[in-house]
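Structures are listed in the sections that come next.
In what comes next, chain A is part of two complexes: it sits with chain B in the first one and with chain C in the second one.
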Partner chain A sequence: MDLHLNAPYCMGTIVGVTYDDGVVLGADSRMTIGMLVANDSVSDKITQLTDKVYICRSGPAAVLEFVSDYVRNILDQQTIQFGQPATVKATANLVRLFSYKNTNAIQMGQMGMIVGGWDKYEGGQIFAVAQGGTILKLPYAIDGSGSSGIEGFLDRAWKEGMSKDKAEKLVVKAVSLAIASDAASGGAVRTVTINSDGVRKNCYPPDSLPLCDDKRRRTKTKKTTTTRTERRIDAPKP
Partner chain B sequence: MEASLIVDNGATERTLNPYVTGTSVIGMKYKDGVIFAADTGGSYGSTLRYKSVERIKPIGKHSILGASGEISDFQEILRYLDELILNDNMWDDGNSLGPKEIHNYLTRVMYNRRNKFDPLFNSLVVGGVKNGQKYLGMVSMIGTHFEDNHVATGFGNHLARPLLRAEWREDLSFEEAVKLMEKCLLVLLYRDRSAINKFQIAKITEEGVTISQPYALKTNWGFSAFQNPSKGAEGSW
Partner chain C sequence: MAKASVDARTKGGFSFDLYQRNEMLLKKGLQLPKFRKTGTTIVGLVFQDGVILGADTRATEGPIVADKNCEKIHYIAPNIYCCGAGTAADTEAVTDMISSQLQLHRYATGRESRVVTALTLLKSHLFGYQGHVSAALVLGGVDVTGPHLHTVYPHGSADTLPFATMGSGSLAAMAVFESKFREGLTKDEGIKLVSEAICSGIFNDLGSGSNVDVCVITKGQTEYLRNHQLPNPRTYTSTRGYNFTKGHTEVLTTKVTPLKSKKQAAEVDAMEE
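What follows is the complex of A and B.
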């Protein structure tokens, strides 16, 4: 069986949603080289570009790490020139430019990014920069190999004007569901919440994630579901 | 695939693959001006991924532009046109670029890119009214361009234009034009797999541009044959 070990490092699932006061960005933490899981724990796919604008990266890791460094460099200079941090839209446009100009270059692979942040002009905004360089301002966006499985879930679950906690729970649930059905997504769920007050990062380790299994039984009469007592096979007995 | 040391010369030959694409746009002249319609879908291959993509935009004071094909290239074309209109305005000479000029500009852009083997992957429909003259034209990704009373891109060419050839008249009122347009859109909805039921109608007259809010068409599934299609021939559909 070909394990495709010459493939570029690739990345799993990213989500970005707006809520009443700002945005919540979320991602899994798995990096794969073909069939091999290179890393399931330390990758942080949500990278800072300016004080209050972050980018979620999905696709070939090396390329995207370069994109965020490159864009951050330009934005640092812009911040010095203008005396104030760049807007979300300007940041997203730089990311778009990189994606658009380099679509046809080799080794690009499936590159999808979500730029999310808060600025004083338009508040919280999410921009999806899709494969090829299409930029779309959306109330919520998902990308990455694991995103196709949760399209329907997010369409149903996202509501206008959610509170911060609800939005964060939604993002965690969405990424957990993606992890459950996508082999290239896994590990922890990291979230970054950005609003007028600032930026807050969270990490939800794998065993704290809601269980997403096709054998869940939920009946209206039972108060607790069977999943509450299920334990992972390799977890040590308390 | 083996990772080989390919040195990219740049301008030799590039096969462009479109990623996020829009489907048909239909345009026609009517009594007071020009009317366009398109759905608001952005497909990613066979996935109907984005459902709120505006594919018809006003250009300057006198024109509207609709595009099918790669959305990122359409967005880039809008930027080029933005610069064009801005420079035109800066002359401040009382003159402004009309649809015929925009059409010509776009033709040059598309054709020149095609000659460099680096096409913009779009089919464009441009129309408008200037000084009482209505104009409607189309440019393809290789630079083929023409004017007509009604135009369409993609599937619209095959499904909508025959309808338009049969039923279009010079003096259609706006309501009649919308009805004819919706007739074409409905056929496209039934028969084009990338079409979604969320359309925008744009009209441009001497007064200006109006682009409607997205709305859905009513489809008809009330045929008795649809209820039990295998009746009388079990195992068939």
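What follows is the complex of A and C.
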């Protein structure tokens, strides 16, 4: 697995949580090329696969764009065949199959995806598809380079049966914390809330995020006056 | 019993069979032949009436300037143009290929080409070659759905932006854009900003140089301003010229050898139309 230093990567942080009525997906918006930040505001890491199923992508940009387009193509055909929108489980499995079958071919580094959505059979569901093709159905999931910093936070903060606003605030807080501690995450926080009523997208610009000025890292320095004593070094007297 | 036919996938892409032999030759000291790159500054921006693309005109072969005035803004469709950075052969081949495919598509549909069509074709081609086709492109055009500007990376990912830069001089050009770009520029302001960004690349990046090419695409009209600015004129030209008359060089010895007379050509019929 080598990291191509000239290829764009969307490593960042992606989060998906379920709440009582549906799911909230969140992601940062930083794209990096090698050590350079390509842009901090353009990439939308949450892509639509079908009406009420979205995928959060983290990893090499080219491969993930391809996966999204490929799965969306198959789902469009399935929707026509079955006469109803695809279920979240079917979508997640399509993503998983692509990952599993092409593990050896994709030599571009870590790839993690979170498929989240709402369907009428099971309600809101979150599936984490990891590198290699593991699929896990979870109440909440995180992935991306910045996710390791917020594992503990999310374990404590997520509670069963939250309301929509609380869930969205939790996702924004989690991604902001990840942005503050990870170099490959940054920019705005984008959220997508999916429930039986529909899909609502939000964007939280970088200035509005908690921890945007990284207050937790700053230690208070006391203002002190420094007295300067001048030491004059005279030439040695003969 | 009828055997179900399996479509064997045609082996496309690159063949890496000689990889070990090449490595062995490199170790023995053989130099790889240099290929011509367009170490480049290419930019694009969306203004109020459409899209403006810009490019420098230097093509390099390692440390040597191979072409002082090459064309980096390639034609894709009458309303779509594409700037290319990376290996010159790759950008030319890819853009020519997509241009042909779009022409056939226009004949089949009878409609003006759309930028997203060109984008999808470019993306799928480049992704299939997994980044080995080194073509980084700024694709811009105006179609029925409005003005579009995209960047395409060699690995097959794409971005949609209001202003974009690519190539070795992209950071210099992006600095100019980030400070001076705003939505709703007029055509003259846009051309001025694009020229400034390219000049920034020309003067601050070794891989970019020579002149500024600009292409303005609006609904129904495209203006290709080849060599819009020439900020690097040839300064030291001799006014006397390079005529060396007889007497400039000292002659030491003279030897005259008459050529043998040629045989007369056989009578042949002229080629008929």
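Simple rule for what comes next: the second predicted complex is superposed on the first by the 201 of 238 C-alpha atoms of A that agree within 3 Å, B and C clash if a C-alpha of one lies under 4 Å from a C-alpha of the other, contacts with A are read in each partner's own complex, and residues count from 1 in each chain.
The criterion applied here is as follows: a contact is a pair of C-beta atoms (placed from the backbone, for glycine too) under 8 Å apart; a residue touches a chain by one contact, two chains touch by 3 or more.
Keep in mind that what you see is a predicted model, and the values were worked out from it rather than measured.
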Partner chain(s) touched by A:Ser43 [first = chain B, second = chain C, both, neither]: second
Chain B versus chain C as contact partner of A:Asn6, first or second or both or neither: both
Touching partner for A:Asn104 - first (chain B), second (chain C), both, neither: first
Which of chain B and chain C A:Ala92 touches, first, second, both or neither: neither
Partner chain(s) touched by A:Ile114 [first = chain B, second = chain C, both, neither]: neither
Partner chain in contact with A:Phe66 - chain B first, chain C second, else both or neither: second
Residues of chain A contacting chain B in one complex and chain C in the other: 6
Contact footprint of chain B on chain A as seen in their complex: 6, 96, 99-100, 103-107, 128, 130-136, 138, 148, 151
Sites on chain C touched by chain A in the complex: 123, 126-127, 131, 153-161, 171
Chain A to chain C touching residues, read off their complex: 4, 6-8, 31, 36, 39, 42-43, 60-66, 108
Parts of chain B lying in touch with chain A, wherever the complex brings them together: 2-3, 6, 8, 14, 16, 18-20, 42, 44, 47, 49-50, 52-53, 70-72, 75-76
